[in-house]
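Each of the next two complexes has chain A plus one more chain, namely chain B in the first and chain C in the second.
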Partner chain A sequence: MMAPADILFFALAALILLTGALVAFRPRPIESALWLILNFFLTSALYVLLGAHFVAVIQVLVYAGAIVVLFTFVILLLNLNPQELGAGQAVPWTSFVLLIGTITAILLCFHVATPELLRPLPKLSHPDTFGTVESFSVYLLKNYVWSFELAGVLLLLAVIGVGLLAYRKPKSVHGSSQQKDSSKTQGQKGAA
Partner chain B sequence: MSDMAVMWLFLLGKILLFFGIVFGIVAPIMIWVERKVAGLVQDRIGPNRVGPFGLLQSLADGIKLLLKEPLLPREVNKPYYLLAPIISVIPAALSFAVIPFGPPTTLGGLFETPQRLQIASLNVGLLFVLAVTSLSVYSVVLAGWSSNNKYSVLGALRASAQMISYELASGLAVVSVILLSGSVDLVHIVDAQQKIWFIFPGILSFFVFLPAIFAETNRIPFDLPEAEAELVVGYHTEYSGIKFGLFFLSEYSIMTTVSAMAVLFFFGGWELLPGFTWAQAGIDIQNTLIGTVLATSWFALKVIVFLFLFVWVRWTLPRFRYDQLMGLGWKRLLPIAIFNIFIIAGVMAF
Partner chain C sequence: MVHVSIAHILFLSFGLFCMGGCGFLIRKNALSLLICLELMLNGVNVALVGFSRFYGNESGHILYFLVITVAACETAVGLAVVLNLFRLKKNIRMDEATNLKG
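Let's turn to the complex of A and B:
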């Protein structure tokens, strides 16, 4: 017999796989984005089962609350329709990916079904503070402070890169006509 | 066993009390207040026919919305069109679950240990509220996209961009509250304000947080997603009847949530006055029933002041232009919030 927690885990895992598949195979990008949100929610429920409440909430806050909002923004902005995505071309690729995915899944099932992996893990005893913000941050900043800082620098680099990409264009385009523009605005100001 | 029964009854009571008050009383009264204040500001009377002072106007409107024919425009994407108003209520309702609306209490000796007046006491309450309120944008996006109407899509587009921009600012403003209180548990945040309300050390973050919550609730001056003059009414153009009513209801309940958040973060929650606690006034808010009721009402009063501020601002300020909105979010509020974190972290460290 399975414990209720195990049943919950397998139900969640099945739903995560299902929603993940729907993300890949729904025709409209915005529907995929919606299934992705549900997928992130279920993943965060998995974290709750593990007792990691902080990670669970951060999962919802960052991924479902911010990143997918950005996705939907881009999808709405580009107004992507199935026709515009070139549905004819997508079919062979989809089936190819499906094939590879199925083979991988079967191999994975064989691997998981090996007897060593089916033995239940010894129960980990963790303190009451496990998963709280305090214990999480102390652990992170004590043991992984360099990785943490490195991730920060990487993100900073990305921000600077975006800034550079966004600002290069106006300079090169308006560089020659800048004087004209400024004289124009000055003229307007004078008239006002 | 009877202890368990009492605990379950207490939980059920909290849920019924809170949801009943917010959905059944606050939202309808707020709509009435909104229309009355609009009347006051525009030098007219406002609703005054249904019930005393027109108080039952919202009830009449609600009944009208319920009894209206459920219209379904032909070209909409049906499942998503019907899903959007339902989704809009979920974050509004979920975010109440962790808001403490009173001090931990024994209800006049009913319980041995003080119980929290909070439906679910998560140790990550603050983050949970932020996460859940950030999801409210999806109903707008879904409604806009599934309506198959260009005004709706534009409204949805604006809502998603606005939400991302202002969530950053409000999130960073809240970081300074976390720094000051050293906790993300909402009850602990209020307890940390016994000596001094966070509005005093965190004045800058409050003035970042305030516009950000106006923007997140899509209220004037930041109601670009439903700007009537440009987009008809934006994302809910194609909605009528109770489907529109759900959008309306969720707007007012999210307003209640963010007002409660502002009070909990910056105005001491149920604490009496800055530097003057209930204990100093001789009132035991934890062990006596009357003290608990007083503190809870005091908290409610503070939330009401904030709700009134929302209405007052709506009928006073004009709407921003879209580039002004983005400029304010990214070029003003965000740098101020980051600067403020540096200052507060620096002061806390030394």
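Let's turn to the complex of A and C:
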């Protein structure tokens, strides 16, 4: 007899795999990005089922809220036609890659399908506080504070790097004439 | 949760990871490649949270947190590189980005 939580878990897992396949194999990037949002929301629901409430919130906020929106912005900014995307032509090794990927997934599944690992998940010792913001933060700042700081430094470096990569000099003719004008007016003001 | 085991969570994780990997290898444009990378990272995250539930401590949640930090950085830098590729080549097809081949 299956408990409702079990049925929910298997339904969510099936939907996650379905949306994952749609993300990976839909031809246009915008469709992939939109299916990715649904995939992240379903994964977040799975995290709630696993007792990771704070992680579920982070998943929706950061992944579905920030990262996919960034993808969507870039897709809409570039506004590519199918020829620029290389649509309509498959790479020559498509079927080989699919075969190898399927075999790898099946072998990995067989590798972990041991009786020891197939036992039901153990009961939590403190189910009320597991995965809440408080216990998460205390655990993070007690044991992993240097990793946390390093992650902050990495984010700062990424911001600087992206700024340098995406920066383009403004059009020289227009910009220089504006600068001259502004310096002139400033000089006149100073003289007055 | 009476029947769900860590192996079931790992099945889901492997499925997502392999789908993302297949998509990464057969897609032609750079944006889809980055999206498939996100899918692979999502598969890894499922395994991390599952192990956290299995062992009953929050280490997996911390690792998840660090993984999404790195994923956010990687996405931002990757999208900036794609923008520059588009400025350079006027398309984002990976088979034409061969300047570093020598």
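Methods note: the second predicted complex is superposed on the first by the 153 of 192 C-alpha atoms of A that agree within 3 Å, B and C clash if a C-alpha of one lies under 4 Å from a C-alpha of the other, contacts with A are read in each partner's own complex, and residues count from 1 in each chain.
We take it that contacts are C-beta pairs under 8 Å (C-beta built on N, C-alpha and C of every residue); 3 or more make two chains touch, one makes a residue touch a chain.
Everything quoted here is computed from the prediction, not taken from an experiment.
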Simultaneous placement of chain C and chain B on chain A, clash or fit: fit
Which superposed partner A:F54 touches (first chain B, second chain C, both, neither): both
Which of chain B and chain C A:I37 touches, first, second, both or neither: first
Partner chain(s) touched by A:A64 [first = chain B, second = chain C, both, neither]: first
First, second, both or neither for A:Y139, with chain B first and chain C second: second
First, second, both or neither for A:T72, with chain B first and chain C second: first
Superposition-derived comparison: chain B or chain C, residues of chain A touched: C
Partner chain in contact with A:L155 - chain B first, chain C second, else both or neither: second
First (chain B), second (chain C), both or neither touched by A:A166: second
Least Cα gap, in Å, left between chain B and chain C after the two complexes are fitted on chain A: 12
Chain A positions touched by chain B in one structure and by chain C in the second: 54, 58, 66, 70, 77
Contact set on chain C toward chain A in their complex: 1-12, 14-23, 25-26, 28-29, 31-32, 34-36, 38-39, 42-43, 45-46, 49-50, 52-54, 56-59, 61-62, 64-66, 68-73, 75-77, 79-84, 86-87, 90-95
Chain A-touching residues of chain B, taken from the complex the two chains share: 80, 122-124, 127-128, 130-132, 134-135, 137-138, 141-142, 144-145, 153, 156-157, 160-161, 163-164, 167, 183-184
Residue ranges of chain A touching chain C (in the complex, touch as defined): 2-3, 5-6, 9-10, 13, 16-17, 20-21, 23-25, 29, 32-33, 36, 39-40, 43, 46-47, 49-52, 54-55, 58-59, 62-63, 66-68, 70-71, 74-75, 77-78, 80, 83-87, 89-91, 93-94, 97-98, 101-102, 104-105, 108-109, 112-114, 117-122, 124-125, 130-131, 135-136, 139-140, 143-144, 147, 151, 154-155, 157-159, 161-162, 165-166, 168
Chain B-facing residues of chain A, complex: 30-31, 34, 37, 53-54, 57-58, 60-61, 64-66, 69-70, 72-73, 76-77, 79, 132-133
